[in-house]
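Shared between the two complexes below is subunit A, which has subunit B as its partner in the first and subunit C in the second.
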Partner chain A sequence: MSGPAAGVALIALTAAALPLITRDSYYLDVATTILMNLTLTMSFRLQISTGQINMAHISFMGIGAYASALLVTRAGLSFWATLWIGALVAASLAVPIGSIALRVSGPYYFLITFAFSEVVRLFFNNFFEGLFGGPSGLVGIPKPGRVLGLAFDSKLALYGLMAVMCVVVVLALVRLDYSRFGLTAGAIRQADLVAETLGVNVFRYKLTAFVLGSFVAGLAGVFFAHFRQVLHSSDFGLEPMVLLVVFTVIGGTGSVWGPAVGTILMTIASELLRELHHYEILVFGAVLILTMLFAPEGLVALPSAARRLLRRRRRQATAPAGAGLAP
Partner chain B sequence: MSIELLVQALLNGFGLAMVYVLVALGLTLIFSILEIINFAHGEFYMLGGYITYYAYALFGLNYFATLGLAILTVGLAGVAAERLIFHHLRGRALNAFIVSLGLLWVMQAGAQLAFGVLDKPVPSAFSGVVRVFGLVMSVERVVVTLSAIVLIAALYLFLRWSRPGRAMRAVAQDPDAAALQGVNIDAASALGFGVGCALAGGAGGLLAPLFAVSPAMGALPVVKAFIIIIVGGMGSLPGAVLGGLLLGGVEGLGALFMGSAAVNILGFLMVIVVLLVRPRGLLSGA
Partner chain C sequence: MTVMPGSIHGLIGPNGAGKSTVFNLITGVIPLTAGEIRYKRERISELRPSEICRRGIARTFQATALFREYTVLQNVLVGAHLLAAPGLVPALLWSRAYRERERRARERAHALLTSLGLGAVAGQVAGQLPHRDQKALALAMALATGAELVILDEPLAGLTDHEKAETTAVLRRLAEQSVTVLLVEHDMKAVMGVCDTVTVLDHGVRIAEGTPREIQTNAVVIEAYLGAEEPGA
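Entry: the complex of A and B
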């Protein structure tokens, strides 16, 4: 347990130390975005860990975001209530949707979840324009209100809130990954039929991961809504979804640290390339292809892969020819 | 409501649907041979559109010659994509899928940089309308629909009778057995990917005069193609045609009663209903 615990502590300490180094609002914005993306990628990895790429993950973020934005602006609820309500709305919609989508697997699953995400996007864009704001977006979402004597009107306070949320989520997901649940999820990813014959209720595990992931995505969505204060349906379309895939798989999905490394690297790269939008997606697309071709386990797995290669080289050099059986 | 109006609505739906069937057939062919869901398929469609813009609208080449050029060039681009990228990911469907997302971005951003972000109009090749039994269709749409049907028929004949076509079907059925019979799997896969992309390129060329050409033009047809192959059953060529007819019918009739956004959602609802009843699509053998 020491490895993962140390990792979470590292994230928490880094997050806590940042305001000591800089209070520049631009850097705080970037750092907040990193933490928000990290929350999303960690929850996305939870689903990938059962071997499913859910192309609608970003939609559950959108559902949480729109639910909270509407409850705050129309019903006058407090952000601190809608934070949970928004996430719960996302999770409860995930139950029927996951139950339908998880009837199929592999390529069918990519496509049905993608179909669902398009339905959600079109819905926010074209229906109930008075409510969702239509193509011009939902504007005028307030920042989180005061709670426990703390005001959340500054960048620093929002950063702090996101940091706490992110560390709690990461801690919970890391614990989950090293629990019986995480082990079972790994077994399902590697050989779901074998897991099934050993008495694992594969469907229920996949659905749990789906709903849990959607809950976290909903949380991140609520924060997103009140952080950006504007929502567009395109914030939850294919482009941000692919970005989420890039963030998650470039680091590698084998361990919980892959998405962390990928998210931090890629969010910073995205900021650096922001002025050159076409180049940004060109570079990201190319990086995604090259990673999958040359480091399919992700960047995090590179050191151990290099070590393995080196060891094999050394063994080949010392062992007589023909002794090795490895292909 | 008169019966003519209904038939007219169905006809409108089917006309465009035949072109989307071309895109869907390419996707499903690639899936059946390589087990890859090519999310970048719409970008090959977009390439076909740009070739039509440059060769036909700017250079003034004959309409049908341009179509042939689009099919050939995009087909070669598909072969290149298979040899350079997807070939190395055989048997790893998840990674191949992720790579196709990357390819989508590279091709779309590449098109934005190379051709600019603005829509480019392509003039109509045909004018006038055809009237039969009180039904009206523009000559252009008739030509586009008939061309799509000819291409579908050509694909059928190619896969049914030609040697490389039969090799592809053998690989789709059982790659190991095909290899044992002397089929060159690498060649069949590359050719299959190429033919699949060529169909998308042809569809892009056909629709370029109807809609403007732009870097993002591939998004809509590829989404429709996804709907078609999920409904019809992935990997099934007759399924793609059936799925296309169903989608065309549903969208054509839907357009009578509701706006275009609601019509788009109808297709997705059809997907969800079909998956609830037959999770692997209507005509899937698997």
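Entry: the complex of A and C
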């Protein structure tokens, strides 16, 4: 089995094995959150792979979530239809937003996407209160309806649904990362001008990653809405966005598996630090700084860094005594 | 300035003459504000660099520009982007046609690397290659696009005499294969030895154009180079 296939199989098997170990509602809730976060961080990393840190990624999750919640509660559509419609709404909005934001790069891109993220949050919070629920939030969102004889009214069923969605998303994104698309995206991140002069339409690649990432974020948002059954604009604000960055960067953005490692470890840490309330973000901030200082390639790169260190130590140990320059 | 198909055309001039700027204008890296550039009779002045590359023009940079984290083979595969005709859906579906196309792209990349003496380092990380190999890799990436005109910015800079001889031999071979070469180079001996035509720039103005022999004896050119070495010296 190839490396990528083995990685996807490991995630799928672990997800499938969990209900055999425990069906405790709390653990299923945490595991569902991990899978939801993993879907988000993997799609966020798709954009990072082309060199863009999109601070509005969480907003596209929010757009998918609110679109689905409203279409189900107001228009009476089925969750199974809005799952796709919500994601498509997020992707459709990503086209003009990405087209504007991607005209610039570096800190300007960061600021434009950050500004868009705040606009979206404030829009959900302050405008059309009767529709979006305002500061009190949008409540009364139903769980997914029955499909193919399956009911989704239990934690276990919702976990199963999220697990299937997550594995399909991971499979697709890993496949892309190991394809020519991933190769070209990485080239753009390293030297976009060189890639452009080699015939790569850099803007189109970046926009594709932006829109595709937003589609997946929208998909996660739709699930989030019907899983939590209540939406607040703050669910898609700066704090969850910072957490998304922390999860992805701590895991490592150089590898497609980095976000998986970061998300699993940090979501569990987040649960353990729940008692700290708002101080939790300070702890994550400190962890992010330490990672940047001591493991800039992320946790996923630590084993190979350790191997390199060991090899260097071994070489030094076996080098003949007295070798090297005299003082 | 006109570059004839299948020729090796040198662009020389003192420092600051605008040689690299001409390359940046031809390849769309900086926008043209006056005049026009035509390739095969088509006006290419307003095109993006990627579109210009699609027309058959590829380049290298003065400061060797590579994808330093990638292996040598991966660098060339990015260069082969246009010939591989990538697409999102075939990549996602991992179809037989997609895999076959990728297999052929790898074969072509290996053949190209072997022809440029890089076959043995195909798996090495580009950023760790010696200078000569990095220069050769930059050329390989440009050729991998399938370009009919390659624009080389100081391809011999920093090379030993032996390596320069190897590189000029490669340039001659390219011309034999009907690939047009336009190059900027400070090594006058090499320029005069390998080029069919030489254009001389000074302060952004073309002051002479002709065969190496004509350029070496051109009084205006010699004057422009006063204080520096005489062309062909």
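Here, the second predicted complex is superposed on the first by the 309 of 327 C-alpha atoms of A that agree within 3 Å, B and C clash if a C-alpha of one lies under 4 Å from a C-alpha of the other, contacts with A are read in each partner's own complex, and residues count from 1 in each chain.
The definition used in the following text is that a residue touches a chain if its C-beta (ideal position, glycine included) is under 8 Å from a C-beta of that chain, and two chains touch if they have at least 3 such contacts.
All figures in this text were calculated on a predicted structure; none of them were measured in a lab.
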item: Which superposed partner A:11 touches (first subunit B, second subunit C, both, neither); value: neither
item: Partner chain(s) touched by A:207 [first = subunit B, second = subunit C, both, neither]; value: neither
item: Greater subunit A contact set [subunit C / subunit B]; value: B
item: First (subunit B), second (subunit C), both or neither touched by A:141; value: neither
item: Partner chain in contact with A:125 - subunit B first, subunit C second, else both or neither; value: first
item: First, second, both or neither for A:112, with subunit B first and subunit C second; value: first
item: Touching partner for A:222 - first (subunit B), second (subunit C), both, neither; value: neither
item: Touch list for subunit A against partner subunit C, complex; value: 172, 175-176, 179-181, 183-184, 186-187, 190-191, 193-202, 208, 212, 254
item: Of all residues in subunit C, those that touch subunit A in their complex; value: 27, 29, 48-54, 58-59, 61, 65-70, 74, 77-79, 81-82, 84, 86, 88, 91-92, 94, 98, 102, 141-142, 144-145
item: Residues of subunit B defined as touching subunit A within the complex; value: 31, 35, 37, 85, 88-89, 92-99, 101-110, 112-113, 117, 219, 223, 226-227, 229-230, 234, 259, 261-262, 264-265, 268-269, 271-272, 275-276, 279-280
item: Subunit B contact footprint on subunit A (complex, rising order); value: 51, 53, 100, 103-104, 106-108, 110-112, 114-116, 118-119, 122-123, 125-127, 238, 242, 245-246, 249, 278-282, 284-289, 292-293, 296
